[in-house]
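Per-chain numbering from 1; labels A, B, C and D assigned in written order.
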Amino acid sequence: MSARLRGTLLPVSLFLALALVPVFAKLGPESFILAIATRLVILALAAMSLDLLIGYGGLVSFGHAAFLGIGAYAVGILSSHGIDDALLQLAAALAGAALFGLLTGLIALRTEGVYFIMITLAFGQMLFFLATSLAAYGGDDGMTLSSRSQILGHDLLRSDAALYGLSLGALLLCYLLCRRLTASRFGRVLSGTRENRTRMEAIGFQPFRFQLVAYVMAGLIAGLAGFLFANQTGFVSPATMSWQRSGDLIFMVVLGGVGTLHGAVAGAAAFLLLEEVLSHWTEHWRILFGPLLVLAVLFARGGIAGLVGGRRG
Amino acid sequence: MSAALRLQGLCKSYGALKVSDGVDLAIEPGEFRAVIGPNGAGKTTLVHQVSGLARHDSGRILLDGRDIGALAMPDRVRLGLARSFQVTSILPGFTVRDNVALAVQARSGSSFRFWRDAAREPELNEPAAELLARFGLAHRAELPAGLLSYGEKRQLELAVALATRPRLLLLDEPLAGTSHAESREVVERLQALRGSLTILLVEHDMEAVFALADRVSVLVYGRVIATGTPDQIRADPEVRAAYLGEEAA
Amino acid sequence: MSLTLLALQALNGLQFGLILFLIAAGLTLIFGVMDFINLAHGVQYMVGAYLAAWFTAATGSFGLGLLLAMPTALAFGLLLEVLIFRHLYERSHLDQVLATFGIIIFLNEGVRLLWGSAPLSVPLPESLSGSIPLFGGISYPVYRLAIIAAGLGVAALLYGLVNHTRIGMLVRAGASNAAMVSALGINIRLLFTVVFGFGAMLAGFAGAMVAPILSVEPGMGDNVLILAFVVIVIGGIGSIRGAFLAALLVGLVDTLGRFIAPTLLRALLDPAAASQTGRALAPMLIYILMAAILFARPSGLFPVRR
Amino acid sequence: MTTGKRTLGLAGALALVAGAAVAQEKVKVGIILTLSGPSAVLGQQARNGFEMAVKDLGGKLGGREAEIVIVDDELKPDVAVTKVKGLLERDKVDFVVGPIFSNVLGAIVKPVTDSGTFLISPNAGSSALAGKNCSPFYFSTSYQNDQVHQISGKVAQDRGYKRVYLLAPNYQAGKDAMAGFKRDYKGEVVEESYVPLNNLDFQSELAKIASLKPDALFTFMPGGMGVNLVKQFKQAGLTIPVLSSFTVDEATLPAQGEAALGMWNGSNWAPNLDNPQNRKFVDAYLAAHNAVPATYAFQAYDAAMLIDSAAKAVGGNMANKDAVRAALRKAEFTSLRGAFKFSANGYPVQDFYLTQVGKRADGKLETQIKEKIFSNYADPYVKDCGLAK
């Protein structure tokens, strides 16, 4: 099989499998299967946006869940004020994510490497503690949404299948967008900076601007994921943006294979399904889960995408 | 006539060590100038300061009469300055073509384009292909640059520097570490460039320096002690004492 | 009252900072010398606490428990190094993060299987329990003073080791340029193992020291790990001196900030709003501190590697 | 136990084909508790309590075979939502019992009650669910949170404490605790001190307490935080009375040790509550787990008994939701706390006690009832609840 074919095999089969989920869900406990699959797709979306940063920009953000939280809180806060319209909520989610990304990016991108990791963690934690202090919106306990977002006044998302469809559509759209983005002029500057920043400066690029735009874009996608996340759980709380969640997202990216985009989807799927299956099997599932991660690192270089083949050239 | 590059009283020190101690230098447009000097004379630091990778403490750097001392490296590059590095600096994961195409991109149009596949843009690929052909790398175009031989990497670095269409090219020991055959090839390329742009070459290889340079400046302990044609420099007793003498001994 | 209270809180901050330093010292060396991100450093702290609890229960003496916990924590650290970490030094930071995260998950669950979910109790040694009067009619627990003394002692010891011994010289050289050290023909593997074991033991020591005052429970290392990372990043990775100052800074800012922030805000806002804002602000303080320091000095206070 | 029970695909399809009759064969209960992380011990107590009840009932609920599916909410609200959907959709449970923490409760209450399944909380009891957000599908075998804190406030008031220092973690339940305390306490609050959630070191607050010299300390410090606070409180040499809720209980006493002796606690139950069923329960729990049960265990035990009584009343016909609800409302079972009935909002009307940490004959620590503070106390939020009596 040619490398190119192998490279497209994984993403195509991944998306095909995800597209078939609603069909199979009809055979079993439909809404439960859809709930798991929707959660998977949404976290995959967030992880993929993080891969844009890690895999292409070399920017390991340890505060990415903050964007997820912003998207979720946009839904929660607006809905608690009686604004249920999906478009308004989405607009608020994206605007909030963009603003937060711009402000924190301007500061965080002054640093590099592990210092970047930690400063993004710091911003994530600040937002986390801010959310816990929002007494009007449930503080630590968070708040339950009265209903899912309305689309043009219709409760279209009430059906689990519709929400899943919307989430999967968003994932596919963002995936294709990111594919284009990474191959574009912009994407090449971004990857070039990851490989050799000095070289890029020496041919006249100012990496900071490109990294900032990428950081904001990844934030926007994660904000979108947050919007969907709130609709899926019907609940918004600071836990959405805990540092553990940011960590989970990094692990999904690494597990799936850094710098492949679809790897993040595979990583999210592996991470969540493993957790689901193992935790169903034994209460002490973590005793197995931990070593599995270690083994994955030691023996599966390049993550799942690397195993299946077709690493980026 | 204004110089293409003029350095006035350039000073820089690392702690107590003065690496540039009032360097004055003027290079005419189209001139091929070499800077030689013993190890630790501050040659590479000089290139760093001119290119903007390192900041000078005092003095002025004038590119075509304009003071660029306060500008960051990318801004100086935009004004027509390009450089190579002593330790090869390329993008190892990118193909050879993309290394050059990216440099072409830096000079042609906006890079804030998010949609079109850059690998299929003729306006990037064609100039890149032309440069690769000039540097004998056409057959390597699809290879990841990290897999090139050492000499090829040095050629690639020259191609990348030229792809930004500079008016002033700074070369930091382009022959360092090359084999005899490789170094001859590089010298040939440089020979071909003579006159088409202003070049500042820092180099240890005397044979190459004297073959290529219009004029040679000698840097010792951060100071320019002599400037002249290769013949004048060869004959300068001070230079011989301070520098060539040691080398010959 | 306010001044004595302030002094007491400073003492608390100092004690908290010193505990953080014990953990951060190993972390910054491991990171600095080996360029290895060890998330599992926090569980070494937990393991130290559990070992101290276990040995104390078995021997009936905290002193003996501490004495036995030290070499066991060292041995455990070395075991992990040989079995797993050694295979990760050459790998990317992300691989290291994932693998060491796996170890955290495993060990947290492991201690839960062995000792149960309920927190364990370690009784204070009789000689160190109780408080002694300090100044202004306020007393301070003896054991806390013992922690401060132990922390300062270890800091002095480390300072001597790093600055005045051959191995310390190698460690410093390794932190600024690892390739050079191995080029000198030093057995870098052995150096790594020594540094690793030592770091693990320090973290274990910190865990054992806090066992009598804090609850010994699964996952106790996770939040501490984050704080330790904050410390080494503020201090500059690889710098013991930086870790020491940053640990004290974080300890003091966190403790005093919680105490002073509402009081200061009360001057600006009405009491209810001040207390509300103060509460929201207090847990953010160290993160604000870190962001501000990194903004001004992107490589921390004492950058080692250039 | 059937943790790993999977009734995916085929069974689900069968149930659809065969209609309700097949699904009624067993009584299915989904249990969602925090079983991992630092707070797992609370969930384990509840699980043990529930399992003991089912064992005492011969593995049956209401005479039907009991099928129990236990899941771990990991103390993450969004994880809990997915897990609870699994219980509802995949396992098609008739009852959900859980959770321990109120933030998890807030996340799962809507999916469970919206699906027409009964949710029985064995611990968490938020005021919103007692008042305007009450649901005909929600019952609690515990209490409304405020009530427990109110005990301490009442005691402080009755004992004539002039100055009290309040200490709680900085989150919603902590703020509720302080509000609950202040409901009956009219003296001076010298300081309302909030510490970050999962705070480890209380030295700073203890120093403040020492300098302010209040008459008493009221605190709400659940789990590991309570362990730290109690140990450090004693080490600091403080001797003022400590009134508390969820700070000294049988789940944390083993770790707190003698430092907790004499501390006060508000509760609806204690291991030494003197009635035959409770004596039997405590002895059996001790025998099985070598630990003294805490309220989590007792309330889960009662939850199982409640389900048993309802299942019995409807003859196992779980499909008739109204009948099940009516049966649950009646609460015709012998509670470990003695008399038991529900208020209109699904919360118990019960007695509350002041308890104190003391030593048992076997040397273990437990909370012991000292005084009854409230009799047949229904929480006041019921007036905001639209459900008819």
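What we mean here is this: contacts are C-beta pairs under 8 Å (C-beta built on N, C-alpha and C of every residue); 3 or more make two chains touch, one makes a residue touch a chain.
What you are looking at is a predicted structure, and each value in this text was computed from that prediction instead of being measured.
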item	value
Assembly fragments, subunit C aside and the remaining chains unmoved	one piece
Distance-to-centre winner among chains (Cα means, whole assembly as reference)	A
From subunit C, the most remote chain by mean C-alpha position	B
Approximate Å spacing (C-alpha centroids) for the pair subunit B, subunit C	48
Euclidean distance of C-alpha centroids - subunit A vs subunit C, Å	32
Centre distance in Å when subunit C and subunit D are each reduced to the mean of their C-alpha atoms	36
Multi-partner residues of subunit D (each touching 2 or more other chains)	36, 170
Multi-partner residues of subunit B (at least 2 other chains)	none
For subunit C, residues contacting two or more additional chains	109, 112, 279, 283
All chain pairs that touch each other	A-B, A-C, A-D, C-D
Partner subunit C, residues of subunit A touching it in the complex	54, 60, 107, 110-115, 118-119, 121-123, 125-126, 129-130, 132-133, 135, 243, 247, 250-251, 253-255, 258, 284, 286-287, 289-294, 296-298, 301
Touching residues (chain side subunit B, partner subunit A) in the complex	51, 53, 72-74, 77-78, 82-83, 85, 89-95, 98, 102-103, 105-107, 110-119, 121, 144, 160-161, 163-164
Touching residues on subunit C, where the partner in the complex is subunit A	31, 37, 84, 87-88, 91, 93-95, 97-99, 101-110, 112-113, 226, 229-230, 233, 237, 276, 279-280, 283-284, 287-288, 290-291, 294-295, 298-300
Complex interface listing, subunit A residues touching subunit B	180-181, 183-189, 191-192, 195-196, 198-206, 210, 213, 313
Residues on subunit C engaged by subunit D in the complex (per definition of touch)	1, 4-5, 8-9, 12, 15-16, 109, 112, 116-121, 123-124, 129-131, 138-139, 141, 143-144, 210, 212-220, 223, 255, 258-259, 275, 279, 282-283
